[in-house]
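Here come two complexes built around chain A, the first alongside chain B, the second alongside chain C.
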Partner chain A sequence: MIIGETPLPAGALGVDAVAMTMRFGDFVALDNVALKVRPGTFHALLGENGAGKSTLVKCIMGYYHPTEGDVLVGGREQAIANPKDAHALGLGMVYQHFTLVPAMTVAENLVLARDDVPAVLEWTKEKKQLAAFLARMPFKVPLDSRVSDISAGERQKCEILKQLYLKRRFLILDEPTSVLTPGEADEVLGMLRDMVLGGDLTILMITHKFREVMAFADEVTILRRGKLAGHGKVADLTPDNMARMMIGAEELTIQPARVGGVGEARLELDKLSALDDAGAIAVRGVSLAVRGGEIVGIAGVSGNGQRQLVEVLAGQREAESGEVRVAGDIYRASREEMRRHKMSLLPEEPLKNACVGGMSVADNIAFREFDRAPFASGGWWLNRTAFRDDAEKKIAQYKIKTRTPDTPISALSGGNVQRTVLARELGGDVEVLIAANPCFGLDFAAVAQIHAEIMAARNRGAAVLLVSEDLDELLELSDRLVVMFHGQFVYEARASEADLTEIGRHMAGH
Partner chain B sequence: MTTDTADGVEAVGVAPAADPGFLQRHGTTIEYVLIPGAALVGALAVFGVFVALFGKNPLDLYFYMYQGAFGTWFSWQNTLARAAPLILTALCTALPAQLGMVIIGGEGALLIGALAATGAALALPSMPPLVVQLAMVCAGMIGGGSWIMLSGGLRQYRGVNETISSLLLVYIALAILNHLVEGVMRDPASLNKPSTREIGAANMIGSIPGTDVHWGLVFGLIAAVASYILIYHTVFGFAARVAGGNIRAAKIVGLGVGKLIMTICFLAGASAGLAGMVEVAAVQGRTNANLAAGYGFTGILVAFLARQNPLAIIPVAILLGGISASGGLLQRRLGLPDASVQVLQGIIFAFVLASDALYGRIGFLKGKS
Partner chain C sequence: MADGTIGLWTVPLAVFGGAIRVSTPFLFVSLGECITERSGRINLGLEGTLVMGAMSAYGVSYLTGSPWLGVLAAGVTGSLLGALHAGICSLPRVNDIAVGIALMLFGTGLAFYLGKPLIEPTAPRLPAIDFGWWSDIAQLRAALRINVLFLIGVVLAPVLYWAFRTTRWGLLIRTAGESSDAARAMGYSVLAIRLKATMVGGFLAGIGGSFLSLFYPGSWNEGLSSGQGITAVALVIFARWDPMLCLWASLAFGGAAALGPALQSVGITSGYYLFNAAPYILTLAIMIITCSPKRTLTGAPAELSITR
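For the complex of A and B:
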């Protein structure tokens, strides 16, 4: 620090990013973006995936060095060369995913996060200081519990407490509520808002949930494709204004209306149990029937057995006990059964679960049909022309943006990978559709298209099982809603009559 | 920070579809030639240093290596005869690699194949040669195929790592061979070197007309081309590439992964078993410990150098066959120890494995998309 320089103001810090431009090769991730976060405010940063939100905050935190532009902290220009410099200035960041050590206690995690951990720790002294620190904080966390034993909501509180313990006065939160129930989210954000009002803290929150922006933020900045799309006081804006700024002029696929009656039970789970990778029981004897022309949504905080349930249905995991029946027949996820029952699967993380990254888009589209005419002549010889013709047709129909049908699918963006899987899975007749977080991390256009496709499949009489961590998505699409907690179905309601607080309570296991 | 990776991926998707240029369109193909080529040159350079330590001129070394491998018609024939089993044993590694498996036990399948082929010939003493030869081919392939299928089965049904099990099975195969050759199958006349009885001159498969290169080379070429067609042009190969590329994707479309593993392992082992049959029916005329000449292990090197591509195996096997053929000349002209070429093979293997890290990282070949 330069001698004679006035020290940074105490209390909440303001941060300005001025004329930020960030290029990666030919790609412009940020184009002359300005962000002004006033001290002692709760500021939301909105934008679709790929809009440049993460790039912007990484430039502020010193992970990236912007091609052009400056960062002002407390009104003064600062050269932030690395995250350490940012920390020294009092800037901190809470990531979407937890960074705590699960096998250690909360107290140990807090102390170890410090830059100046002494070689020998006097735990009695440290504990006393921690307790004194906690007394000043609005959050309460059990200091002596292991992180692995506390709930997701408490972990998120620990992450935030860790930043406060490290005396950070400007906090960036990257989608902090994605792993929380609505109740937990409101609690955590409400407490943070109180601290902001108290003048100790400034918050910049990356999010895509309008509800949270409306309820907690003072100001909002919106990015679209690396450019500033708008900013202003939340009080002057409506979710519609903000959505329009995020999407721009792009036209969204219109979701078909819910029509048609409910048919016979198509997909039945009977006392189905499954283990997770560590051999612990993840799905505990669940039973459910999904009928034709019906979307059954499964809600729950991530990690309550939904993934294992979907894996059993997808043939990626053996059931431990119980059975699955499709159209009355026992189902073991063989190719023949999937074909006979016209089953389609839209798993989460499609590149990891449903595609071969090194194979072409055309090949990936053909995974379900390659061993039949016209793709296979005589049942064994691949007919490349058929692959290409079918791919070109589906690329156009599903608006997949790819340079050629022969481009490896790993070169496509997340939305286009998911569109490729949609083209494959929904390109033919569908009688049973199983979808898991099908829209995770996708932009509005892709989400609208996928929702429309799922609704259309339902209207054509398919039985749809939709597993999602996004309650809004479930409420919008489902006919019936089931809450999964600790591997069991704990609550069921018609989606039209479902009560958000009631669902949230069951998601948290109360 | 999932949004971050999404940023990066998005970057590829929204790029303008301008003509990417020659380097970008063929960047991957160039890489597949350039990187193993550079690894080979690097290995030869290090081997040159090794030879210089013996007080020999490395330039002489390179000259004699060329002479011994490709300099004359005689050395070409020697090279091709050595390449034949290498093509077959390399397929034993390259085929399972399509499924994401690393099988390094081709030597074991070769030995079992040789034993089975010899057994078949000795069991049919009065049959016409063509029948005996056909029986030897079938026995060799079934023997070798079943051997590698053991590794596949252990992996699929017992979760045993196929790399380790296939390697350990090499030693079991060698022990079985020694046990039989020194026991029930021993020719009482073979005193110093326990061997089986000869399969008989009439049953030998002989040479391609006009050359001293035996028909094993043709077997190898057919097997390599057939493997290529199988992998890239058939339904079976497509399913194998899906399962090898991403097992979760294969399961979600209901492909029977177990069946794929067992079939591929059988074909891989059958190929190495055929190499064993060729060594018996074209070179040795009987089974003894001479068969454990390391063709199975050199085949692993060939497969890796060829990036597990069945067609690329052919030139690479000829190159490696040439290196091993030049060993004799190096010994005679430069007085280098016999094992020198094995040192070179080891150096090449180390370079090839290390060069794996370079794929996708060579700046001027990278697509700026």
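For the complex of A and C:
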């Protein structure tokens, strides 16, 4: 700041991005985008994955230097060279991934975030000041608990509190509710909205949830493929208008109708328990039967044992006790059993859990069958032509965007990695399908395709277990819905009769 | 005991005295490694640092006549080796464990090369404080001759424990070790923090080396270290990255190492080599008892390449 210049106005700050263009080599991530966030408003930034939302806010925060364009803070042009400059102006950001240190206490995390951490801390004094600060805040968090011991909702509150503790007046939130129950999301956003109405704060929230935009935002800006696709007052728009602006004229795969009756129980869990990496019990004696021609959805906030449950079914983790039966036989996730029972798996983070990143798309597609005819002779001599032919067929059928079948799979986008796994897992006959957050972080086109494939597998008679943190996805696809909390199934309902508030209450453990 | 002998009491007394003498290098290297690992990096090169420290301490002590200048020189040499490790590890896609092994070989090799002329001469040694002046039992007096470096190490452990909790530097080192994303989001340079932590770690490991050449065994030769540096790195793991536990683990290790010589001194010579293996058997036993395939280590800094 220039000395002698009049200081920025007190209270909520407005931020404008003018004619922002950001190029990474040949790739244009942002193309002449304008964003106007007026002081004291709650502004939503909508767009698909890869639309340029994160790039835009990172340009505002000084993580990236835009190729062209300016940032105006409080109506004045500011050169923001790095995040420290942005912080000095009163701009703050809450990241999608938590930036709290899990092994430290809440108090340590808050104090550490300050710019003026003293060399030796007087904890008695610091704690007193923190308690006084918390007393003025709408959220409560346990100061002496370690961050790893508090719930995701409390962590998100801590992240926001940290920004308020640092006296930010313009706050960017990147998908702040992705790990919260609907109830927690409403609580956090409602409190932030009150602070905005009080004139202390301006909020720019990146999201893809229309429900939250409609309920909390004043204005919205929509990006599509790096370009401004629309903006306006939320009151003048409907979710349909906004969805159109987000996806443009792209054709989405149409999901087949729910047809066919349920059959015999295919996948049965009997008092199954499993431990987490720290050796604590994560899955507590759960029992469930999934029948053929049925999708059973498991809802729950992340970290309630779903991951460990899926890992046991995938063969990545040993069960502590209890058993899994498939078509009446004991199932221990051996390759032979998976093949015999035609098990398919769509794990979360497919690049990590279902692919070998450095191997080609063709090799990754062949994992299930590579040691049998026609891919191998005698179980060991591999026939590369057969790999290639099969891969080319599936790449076309599943619309996988890759340069060649020999490209390493880690070079593909998230949507195309998941399409590749989809081609491998659902390309043949399927009797049991286990899917965990199959659409996390993917764009509309990939989501529509994956949902259509899951529904088609169900209609062909497969037993589907769908674990997801996205309630809308579960309500859309499931026949039955189970809520998982603290490693146990605490609630079950037919999806057609399920009540969102009831489910949300059980997800939060009430 | 009018005749001045104390019979079988020699054994626990010798183990006690040995624990203090043998544990000092373990203590310094493990405290140094504790600082480095809490910042998110493993420096396996501390074995090389220890030997380089021993050589440079002996050399400087011989040339200047002051053992304390030797200790300082050992620390400075150690921090230079630490800076080298951290500098190489700052480059993209460099594995800290591979660099550590390379520096371990480099440090020992360089020390042997530069230390050739130091094998013959005798350098002034570090003084010890005679806590056993009140007794006239020779063994007790020997056991209670305690070196100042050991006392410094004993004070250092609780100081580090306190510093990790209540100082800005302690919190920053832990942040870099637990979540480099968090540290970066706060605007701190993770590489700079790790550089400093590795240099301090090297400084302490160098001092540990100076104890070897300037007090016990108290000379410079190529067989001086029997792997204390690398064992101390393992010590940090089962001390769960806690400086106070590093102190207790070092003492237990020193005591186990003193068992063989102590038994020999009362005439039990059968199984001498077996008793000499006691520290390593202790290591294996602790590893087997505390490890489980079903869970990850508690207390491990999340950014370490072995836990990530």
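Just so it is clear, the second predicted complex is superposed on the first by the 497 of 510 C-alpha atoms of A that agree within 3 Å, B and C clash if a C-alpha of one lies under 4 Å from a C-alpha of the other, contacts with A are read in each partner's own complex, and residues count from 1 in each chain.
What we mean here is this: a contact is a pair of C-beta atoms (placed from the backbone, for glycine too) under 8 Å apart; a residue touches a chain by one contact, two chains touch by 3 or more.
What you are looking at is a predicted structure, and each value in this text was computed from that prediction instead of being measured.
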Side-by-side fit of chain B and chain C on chain A, or clash: fit
Partner chain(s) touched by A:Y95 [first = chain B, second = chain C, both, neither]: both
Partner with the higher number of touched chain A residues, chain C or chain B: B
Contacts of A:N353 with chain B and chain C, given as first, second, both or neither: first
First, second, both or neither for A:E336, with chain B first and chain C second: first
First (chain B), second (chain C), both or neither touched by A:G279: second
Contacts of A:W380 with chain B and chain C, given as first, second, both or neither: first
Touched partner set for A:G261, first chain B, second chain C, both or neither: neither
Contacts of A:L412 with chain B and chain C, given as first, second, both or neither: first
Smallest distance from any CA atom of chain C to any CA atom of chain B, in Å, after fitting: 5
Footprint overlap on chain A, comparing chain B with chain C: 95, 97
Chain B-touching residues of chain A, taken from the complex the two chains share: 24-27, 29, 49-50, 52-55, 58, 95-97, 174-175, 206, 225, 314-316, 333-339, 345, 347, 352-359, 363, 367-368, 370-371, 376, 379-382, 401, 403, 411-416, 441
Residue ranges of chain B touching chain A (in the complex, touch as defined): 1-4, 6-15, 17, 233-239, 241-242, 245-246, 248-249, 251-256, 368-369
Chain C partner contacts - residues on chain A that touch it in the complex: 82-84, 87, 95, 97, 99-104, 108, 111-113, 117-121, 123, 275-279, 318
Chain C - residues contacting chain A, complex: 166-169, 171-172, 174-175, 178-179, 181-182, 185-187, 292, 294-296, 298, 301-302
